[in-house]
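The data blocks that follow each hold one structure.
What follows is subunit A paired twice: with subunit B in the first complex and subunit C in the second.
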Partner chain A sequence: MSSFSVTEPSKRSKWFAGTLVILYALITMIPLAWIMLTGFKSPADAISYPPKVVFEPTLEGYVNLFTQRTRQTQEYLDANPPENWRDEIVRQYDMVIVGPSKFGERFLNSVIIGFGSTFLSIFLGTLAAYAFSRFKIPLADDLLFFILSTRMMPPIAVAIPIFLMYRQLGLSDTHLGMILLYTAVNISLAVWLLKGFIDEIPREYEEAALIDGYTRFQAFYKVVLPQAATGIASTAIFCLIFAWNEYAFAVLLTSGTAQTAPPFIPTIIGVGGLDWPAVAAGATIFLIPVMIFTILLRKHLLRGITFGAVRK
Partner chain B sequence: MAEVILKNLSKSFGSDVGVADISMTIPDGAFVVMLGPTGAGKTTTLRLISGLEKPDGGEVWIDGRNVEGETPAQRDVAMVFQQYSLYPHLTVKDNLAFPLKSPILNTPAAEIERKVAEVAEVLQISHKLGNKATELSGGEMQRVSIGRALVRDPAIYLMDEPLSSLDAKLRTDLRVELKRIQANLGATLLYVTHDQIEAMTMATHVGVLDNGRLVQFGTPREIYENPDSLYVASRLGQPRINILPADLFGGAPAGAMQIGLRPEHIQQGVGQEAEVQRVEHLGDQNRLHLILKGHPITTIADPSTDYEPGAHIKIAPRKPLCFDADGNRIR
Partner chain C sequence: MSDTPVSRAARATPPRVARKIKGLSDRAIAWIFVGPTIFLLLAINIFPLIWTIQLSFTNYKANRIGREVKNIGLRNYERILTDTDIWLNMQATAHFLFWTIFFQVLIGFTLAYLINKKFKGNDLWTTIIVLPMMLSPAVVGNFWKFLYQPQIGLFNYIVAFFTGKEPSSFEMLGSVNLAPWSIVIVDTWMWTPFVMLICLAGLRSIPDYIYEAAEVDRASKLRQFFTITIPMVLPFLMLAVLFRGIENFKMFDLVVQLTGGGPGSTTELTSINLKREAFEKWRTGYASAYAIILFVTVFGLASIYVKALNKVKER
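Presenting the complex of A and B:
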């Protein structure tokens, strides 16, 4: 990369900026690192004071996260020797594994609802943003303001009406209900962000495609969408992060079938004591899909690849 | 290839006049050049024919049918945009193939390959076919955008200043090449330019636009030698035509307010005495900037003459064009 800057920053300001970035990274990374490390601690190490930085790693937290266990009598334990490493871990506490925990299901719910609502928000948001950007819509500005106004209060402020509505409609504790709810919250963000991106794509490309023998929809699909990829990717990341991390609605509207991971993870506490390593293990695993998603879309976040083919 | 007829075409943008009541027949196989200053309605005319813009009134007929309500795709027109409008996410090759791959043309792959290679050869961009459209220089982009039109065989080619950002040599090459292609294909072409040489050398017909109106339509020679108005007369000619009061030399017909004198229509050695202000040596000719009774006059002289600034020469008009107070021609 060559520098276009006429005024190359001085060594001192570069050093200063570098320090600032490293400092910021440290501050944001420490809690994450703490969570990840706690996932590999034993419950005793997790709550020891002063906190242990060096400890003997164990998979106890992960085993506890994924299993349900019961305490057994000494006779039972003697009669049934441990069959694998997971059994051995829980035997330390005179426990046996009786089956899988609900974490797997809850995690899958999060994936279905998070990605489902992200897809729907982006799909509807792109079409709406294109229409707002290209067509003469009566009261377009007012409509855009109305769409944005849904974001002016915390979504949870309308929790009670939504709760009652969902109960009447039979949408409580369903995947569809949660997908629709998160889509409704995200769509304002999607429309506004994507409209900005599509506004930046010159109309001339579509006009050229229309003349080259394509319909308006084909021009949208073949010419506008590829150029809006950057905007779509970054909007999708924002939408996914919201839907993925949402807690309040999930607590209120889901309890069983459609419960997502965020309300589930805290319930681990209380099942057999303060099992912080299991909570930390759950949080760590919970992070992974969003991280992968962001890394996959990262190359689209680089701007500036489409500039210069239209003479201004 | 087809004949295109415009009937009383009008288009306004709010209070701005785009085109006003233009009627024009572009004969099959003609190369029509539209001249006019910025804002005269040249680009709007192209957009109305292509269907990118809906007229407020009037009709466009392509190949014997009224194309009102037809999409740009259905009208079968190819257009070269002034801003290139190359698809930035595609390679040069894919840009050229894009119209051929459209559902309307749906060209077989081998045919696409052949046509793209052929056009790339003509436009001297064969070596850039694999590049992204954004990795080209301005001149290369402009050639690709011409190429994207030339791969097709449409009813009419519409070109909006297609050679404007090329360097002088390439411009000359492509001018000749475009004219050759047009003549070989028998293509109908409507071409917008500011460049007099392009207009004079390529056109079979020239249309002059003024503020959305078509003020004269004819062969390049007619437009140059026999303009209907002062406005048309001053559109063509390099250096520009000299506009002088009718009584400066005398002998003007009744009603004439101004005369137009092309630089080559000034006789030297007889008539009134003018002072040489400045001499430009162009190699093949000398350009003399004279002043006569306070009026600047430009004329040309043989390259062998060596007038100095301050020298006096006698000049007299030859075949002056006379115009009335409204700028209309008096014949």
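Presenting the complex of A and C:
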């Protein structure tokens, strides 16, 4: 028999499909490429007409993103020559660097809250998913549906009582408050996805372990956990991406110490309005980790997205 | 394994009895495992929901502590349902929902169909297409605002280049006619990949032998497309529409950064309106009633839809 099959598309239709898809991919990348380019432009180049594709790259946007600057008199500038390349950049505008901006802190908050809530969602989610998968729990289906339906609430609707509750408990604008909140939002999806992964692990493995004298706990972390590692990892990425990108709760419940990067980046102000190169630089630094994650872990991620669809 | 009398006894007894001796019963473990999750959901999802219901019958204002809170019955609900401005917000939301889903299904399915032709390097290009949906909507929305600037924005420049108009002659975000479309464009750019991925899963779930059988019966490619491909992908597509529908009904971050609800209130989706009532005007009781109405609407529509979906699946 030849390898020809009726379901294998012809060479021409493959070529045609490939061209269209690649064309779409390139067009869809234009806005992202533009963000990254703008980060390396001077403010004048960023708002020039027609939009500049070729320009002299500068790190001005990045310097502005990370520093606070003030204007100084000519005498002061003459008396204090610039010390490094960062100073030289801001001197063009008769400014001096007076200290770091809040971007570093906000970025660090995003990291702490993102990883903290991911760890907690996965920890609690794995336990719950295992129990739902292996034990008879009364009303299990209703509970699972209930867990998932909590995601239907608009975040603003939930934010009203959470705002009041956090004010009472002193959790407003704290890392702990945000970690708990993001965990509560993420855990529904985490349990749902993880249950699917654990369902796929044959029960025989644990039963064999139990007969060998393992306790349930031992069977769980010595047999089930290693088997579910891939599923746990891809669920973790989903939780992390959600917490990393979340805006509505962050903007309503945090304003200072625990504020994450998404509500902060759009407020970076330069001379005469938004400092677009600095905003673009902040956006680039914030978006790049997710893009790298997506490309490196594409197999697990893409499976995770469609997982819910395939199972239900 | 330690060699204590208990463990020796445990090894000698049948597994079910052994478990009782050596560790907690399965039932206790089940509750220990599920307990924290249920507790967290009760504390941060259910308790707030009940509180919202209670607040929705009062005239409470969260920025005035110490003010007397009166129970005003169903007055908040009455006011919302008879308010014509809120119906305008609902219309804006409906416009946004309908057109985003329309374009995402159209483009998403087409892309999935093309990718399923399995040309060389299709998985790499799929990943690239998926990138926008992984990013922070607020940051992306903020940046699209830059692309939409009338004089300096790239979007206006490209449209002007192809249509011959002046780039400053139209304002995507500033004009009452264009603003509702500007948010549809960005949402479509961002979320088409999601519909595409689910359609792709659907297309890949169709076994080859069905097409082979159709080929033996000499069914035309077009006929195969309408009698095999479409019906088999339909349940997946409907599920994608459900997810996108729920998500876009809740839409806040992307649009608030892009237009802030403006100009006027042409792009003020219900979530944005709700945020104004709750956190700018501080009408907490009123906003709580509003939140409950929105939740009931989503939940009701979603339940009807799921019923329809199950019917399609059964066929």
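The rule is simple: the second predicted complex is superposed on the first by the 264 of 312 C-alpha atoms of A that agree within 3 Å, B and C clash if a C-alpha of one lies under 4 Å from a C-alpha of the other, contacts with A are read in each partner's own complex, and residues count from 1 in each chain.
FYI, a contact is a pair of C-beta atoms (placed from the backbone, for glycine too) under 8 Å apart; a residue touches a chain by one contact, two chains touch by 3 or more.
The shown structure was predicted, so the numbers you read here are calculated from the model rather than taken from an experiment.
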| item | value |
| --- | --- |
| Contacts of A:L127 with subunit B and subunit C, given as first, second, both or neither | second |
| Touched partner set for A:D142, first subunit B, second subunit C, both or neither | neither |
| Subunit B versus subunit C as contact partner of A:A157, first or second or both or neither | second |
| Chain touching more of subunit A, residue-wise (subunit B, subunit C) | C |
| Partner chain in contact with A:A209 - subunit B first, subunit C second, else both or neither | first |
| Partner chain(s) touched by A:Q227 [first = subunit B, second = subunit C, both, neither] | first |
| Shared contact residues on subunit A - subunit B and subunit C | 207, 210-211, 213, 215, 305-306, 308-310, 312 |
| Touching residues (chain side subunit A, partner subunit C) in the complex | 5-7, 9, 13-15, 17-18, 20-22, 24-25, 28-32, 34-35, 38, 46-51, 124-125, 127-128, 130-132, 135-137, 143, 146-147, 149-165, 180-181, 183-184, 187-188, 191, 207, 210-211, 213, 215-217, 241, 244-248, 251-252, 261-263, 265-266, 276, 279-280, 283, 286-287, 290-291, 293-295, 298, 301-302, 305-306, 308-310, 312 |
| Interface residues, subunit C side, partner subunit A - complex | 1, 7, 10-11, 15, 18-19, 22-24, 26-27, 29-34, 36-38, 40-41, 43-49, 51-52, 55, 62, 107, 111, 114-115, 117-123, 125-132, 134-140, 142-144, 146-147, 149, 151-154, 157, 167, 189, 194, 197-198, 200-202, 205, 208, 211-212, 215, 236, 239-240, 243, 246, 249-250, 252-253, 257, 270-271, 274-275, 278-279, 284, 287-288, 291-292, 294-295, 298-299, 302 |
| Subunit A to subunit B touching residues, read off their complex | 202, 204-205, 207-215, 218, 223, 226-227, 305-312 |
| Footprint of subunit A on subunit B - complex, ascending | 50-52, 71-73, 77-79, 81-89, 98-99, 102-105, 133-134, 138, 141, 148, 165 |
